[in-house]
Amino acid sequence: MVKEERVMALDLGPRPSLDPDIAAYFAKCEEKLGFIPNVLKAYAFDNRKLKAFIAMADDLMLGDSGLSKLEREMIAVAVSCANHCHYCLTAHGAAVRQRAADPEMGELIAQNYRAAALTLRQKAMLDFAVRLTEAPDKMEEMDRQALRRAGFKDRDIWDIAAVAAFYNMSNRLAAATDMKPNREYHYLVRDMVGKEADARSNAQAGPVSAASTNRAGETAQGRRRRRQAV
Amino acid sequence: MVKEERVMALDLGPRPSLDPDIAAYFAKCEEKLGFIPNVLKAYAFDNRKLKAFIAMADDLMLGDSGLSKLEREMIAVAVSCANHCHYCLTAHGAAVRQRAADPEMGELIAQNYRAAALTLRQKAMLDFAVRLTEAPDKMEEMDRQALRRAGFKDRDIWDIAAVAAFYNMSNRLAAATDMKPNREYHYLVRDMVGKEADARSNAQAGPVSAASTNRAGETAQGRRRRRQAV
Amino acid sequence: MVKEERVMALDLGPRPSLDPDIAAYFAKCEEKLGFIPNVLKAYAFDNRKLKAFIAMADDLMLGDSGLSKLEREMIAVAVSCANHCHYCLTAHGAAVRQRAADPEMGELIAQNYRAAALTLRQKAMLDFAVRLTEAPDKMEEMDRQALRRAGFKDRDIWDIAAVAAFYNMSNRLAAATDMKPNREYHYLVRDMVGKEADARSNAQAGPVSAASTNRAGETAQGRRRRRQAV
Amino acid sequence: MVKEERVMALDLGPRPSLDPDIAAYFAKCEEKLGFIPNVLKAYAFDNRKLKAFIAMADDLMLGDSGLSKLEREMIAVAVSCANHCHYCLTAHGAAVRQRAADPEMGELIAQNYRAAALTLRQKAMLDFAVRLTEAPDKMEEMDRQALRRAGFKDRDIWDIAAVAAFYNMSNRLAAATDMKPNREYHYLVRDMVGKEADARSNAQAGPVSAASTNRAGETAQGRRRRRQAV
Amino acid sequence: MVKEERVMALDLGPRPSLDPDIAAYFAKCEEKLGFIPNVLKAYAFDNRKLKAFIAMADDLMLGDSGLSKLEREMIAVAVSCANHCHYCLTAHGAAVRQRAADPEMGELIAQNYRAAALTLRQKAMLDFAVRLTEAPDKMEEMDRQALRRAGFKDRDIWDIAAVAAFYNMSNRLAAATDMKPNREYHYLVRDMVGKEADARSNAQAGPVSAASTNRAGETAQGRRRRRQAV
Amino acid sequence: MVKEERVMALDLGPRPSLDPDIAAYFAKCEEKLGFIPNVLKAYAFDNRKLKAFIAMADDLMLGDSGLSKLEREMIAVAVSCANHCHYCLTAHGAAVRQRAADPEMGELIAQNYRAAALTLRQKAMLDFAVRLTEAPDKMEEMDRQALRRAGFKDRDIWDIAAVAAFYNMSNRLAAATDMKPNREYHYLVRDMVGKEADARSNAQAGPVSAASTNRAGETAQGRRRRRQAV
């Protein structure tokens, strides 16, 4: 079934067998999310490249940080919005909806974060990330000072910069290869009404940031069943 | 001495001790290049982040590819030129001068690749990389087709895209943190006259792409001595 | 309840009583959609302005045209994407999902139409609309010729231009006033899996284009039948 | 004679007969201005579209507002300057010359309002209108606050936004169809020297904003006679 | 009287006495045009700078060239339009109206040359000039080839480039200093109807391109008298 | 030898004999620099154009001014960086390296002046010059005020504007003609380490700004010899 799905516009030939640690990682995705994020399938033509990508992505989005996981996903989405990246808006839009337990806010960031009711902290964070995206050559000390005034420590500024920079990379790889997001993302965390959504969904982080949009850890089967019920 | 040098505008606190494999890597840089590239020092506040960065950078710039190492450095520099990135123009500008054994060509790409006398293949490659940098949302199948017409295989297109995307990340991390390149880069491979330069310099690849601008494998000591002679 | 909801960032004072024909129109919206589109509430401070807006919007989006209603909504969304308009992406994104009976395609146009699998006709139409949005001063005869080559008649070109131009107006009015879309839009036509979507969502047709995400008022049953026939 | 004049680059077929109210409106234009503005002739292929356009344009430019008619024309021209719209710069440039009774100021706004000696109120108004034109996605509360500080009420802000938005529509319809302004506009209100011009010209508003550039209410016949005298 | 008129936003102190050759040049301007172009008054704080400016401007706009004087003025105006330069649009807009003996065409180029009915040669010429203005870093051999295909020789290409480049300089000097054009320019060559205008006006070239908009050689006195008659 | 070197992409035919004063000027270049700057060779097809160019360039870059010669070269390079001009970055990059006696600072301005450790005065100066380059139509009184606050007099502001404007011209002439810098520039002032460089190099100004990068007055012969020694 995987073979038939078109993941991107490049034909990189038959996929080599996965290294054991990667195979285990894929199995965990399948179990937790019900699917392998397409960006991983795209990278799977080369075990070394795939591992480097996972190592960087997982550290940035799931590792220790002064930024919450939701905040990091918000950066990913605001950057991807500025770059009009279909893949990342779909995958990380789902992640924001899930982590915020708020489908409307998720969509808002994907459309234009300036229209969202953000805290001053979040606003400063996204202003920096988007300015870095649109005019990296114009960054100056006063941009960092604005973050410090909003309460961020230098260590947090690194993380804001690193996440924003990473999605400027991912957006471009996706654009250059016409990478297609898994269809499942479209349907994740759409039904919750505002804040009533099950906040526990936040508790179970998926192993891969790009894929960690599974709803409250339910199995893929369960999710499929639930949707039929609707 | 390292402590006194300012590497970037963020203060991330005291550096933790390096993991043994990283310490060995740094020692190898010091031996081969005569210095540790500042981007590695900047990342060294966190062993995990540093390893992920090195893994990705070295795979992209030094791993197997249908693109020569020079071509990959040309992409790095053309992208960094579009983003006006001081750090990467300095470090990778030196790399292009060294790998091309042509200081003039190195500077040309750093200033505006359109003014360089490129092969059609190189021109198509850099057109794609810069367009991906400036307007990722506008990429279409015809952009990939232009590369195929210029003789690139789909596997090469991935590499062009991945290298261009990577420097869109690095440029932004450098801009956001005001990262400073090692002063040594400024003076590398400046004196050679045109093509007469020792072409063997191409043969010895440094371990870190960002640092691999050592001239013809001479030791740092030897290089230092030579400069005094001038 | 309406009084408490914030529709935009401007306070235009108490709403005058609606003219009878407008009151009837609002009642029809309420009955068919279950809500009054916020853009109408925003305009309701002045009956004359409201009528002019409805007259133009309904003619453009629901009147006779060589463009299908779906195509017109696609233009609305592609333009709103280029302008990052939260209001219109939400309201007309829902309309595309509904008229296409395809939530994924709806989102795609809202993110970046270039990533969608469009017909040549649709691609030419959206290329023109987005170019007109981004660089109106650069339009030339060859832009019109591209539409003619794609099979559009001059009368269709007027409609493409008029719809694209209209959303360049609406996007800016929404941006200037921070207009908020009705929350209901977020949840419309989300659950359908591809073409199997529950066509009942279609049944509540709005009379106003901004809300009118039903397809020409045909019954859901009729549409399903028709589609099978196709 | 009308038949021979080229109004736009689209051929929309023979013009249907005008509805009686529109025919009366055209007669009034002819009587007051000496010509039918070409934008109305362009729209005349469809009575319904024409009426919707006139209703919106006349309400915006001639209806009640906290903005003077001159101020609204200044917005129209500053927006059209940003969009380089030949049609609107010609028609509304004439209108500013006439309403300001100052041909130099009219041209100045059409060239670059920043070079004009504006009041703080006018400057704030045009800054907002042009920013809304160039970067609608960047509008924020502080943009509205700048207008409030300059003395505008929220009701005025709506009008500034609505007029600026309307000309972003009109500019694009004109650009997409290569709409040609009536030649008469070029020659209107050119000879007055500064402020000495008959200020009464402001008093007689024409029925259609786009056409309301007749000079001090003189009949078309009288105007034609005058030009021959020169 | 000169002392009271504000020529620019900078106060450069009392004007030194003019060198004899410049004084004679100014006298000739006064005699032929009826005024001294403000750009010359602005430069007059330094005889050396003034001479260098006049030498370059007169050579470019009035010297031998494969381009007609009208074509050179068209370039000046199209460039100034792209840069929204009030001074140059006013002074050289008048020059195009005069040299073309066509006030409508003059305005058209000042608004958007793409809307003008240009010959293929003129279109190619202005496309090149405006592209050079907007994106100098993107110029390539194919841009020069487009000019050659349109019939231009390499010597003409130099002139197109040199004139376009010169107005990119002048536009910026005017913008940086808020330079004000002489009011007389606004009223020059406004009344002629189409091509019937006295084509002889072309025959008498003024000494300074920026000032050479005198109407058909009439004396300043005669012109002043005529205006009073209106 | 001159005949064989390609100076630009245009073929302007055989060079006429130089006027005596120009021939003397060229001889002086050859003596002092060891070469004739290619921009002069490019202009040499027409003695009159060449003289006008030299007169303006030399006055701006070497004449009396409240700006130091280094500051004027910094403006030239910052503007050329914004425009990605290969010719001017090479020629004037060498000039900044030489006048600052600091090869690193020279490169920095050529890459992105915002990354340089500038004084407030220098920063304000380059901010103005680059803003004037990128958005001439947006200049306002507050831009001039920022320069006055940084200590510049109105006379200095003229010079900042005039130099920035001049390189906006030169950059475009170079881009339009694909002008190639002399290869010698690449190798000038590369070896000095920081501030230890011979500061006397500043004392001997070359006659042509574009060429005045000769190193500490050494003869061309001596320099050539030195390089062979390396």
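Per-chain numbering from 1; labels A, B, C, D, E and F assigned in written order.
In this section, contacts are C-beta pairs under 8 Å (C-beta built on N, C-alpha and C of every residue); 3 or more make two chains touch, one makes a residue touch a chain.
As the structure is a computational prediction, the values presented were derived from the model and not from experiment.
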- Note on the structure: Listing by label each chain that touches chain B and chain F gives A, E
- Enumerate, in label order, the chains that touch chain B and chain C alike. A, E
- Of all other chains, the one whose Cα centre sits farthest from chain B: D
- Separation of mean Cα positions, chain E and chain B [Å, integer]: 47
- Note on the structure: Note: chain E sits from chain D at a C-alpha centroid distance in Å of 28
- Item | Residue numbers of chain C (touch at least two other chains) | 84-85, 112, 137, 139, 178
- What are all the touching pairs of chains? A-B, A-C, A-D, A-F, B-C, B-E, B-F, C-D, C-E, D-E, D-F, E-F
- Item | Residues of chain A defined as touching chain B within the complex | 9-13, 45, 48-49, 51-53, 55-56, 59, 63, 83-85, 128, 132-133, 136-137, 139, 141, 143-144, 154-155, 157-158, 160-162, 164-166, 168-173, 175-178
- Message: Touching residues of chain C toward chain E in the complex: what are they?
- Response: 137-140
- Contact residues on chain A for chain C in the complex? 81, 84-87, 89-90, 103-104, 107-108, 110-112, 115, 178, 180, 183, 186-187, 190-191, 193-194, 227, 230
- Task: Would you tell me which residues of chain F are touching chain A in their complex?
- Result: 112, 114
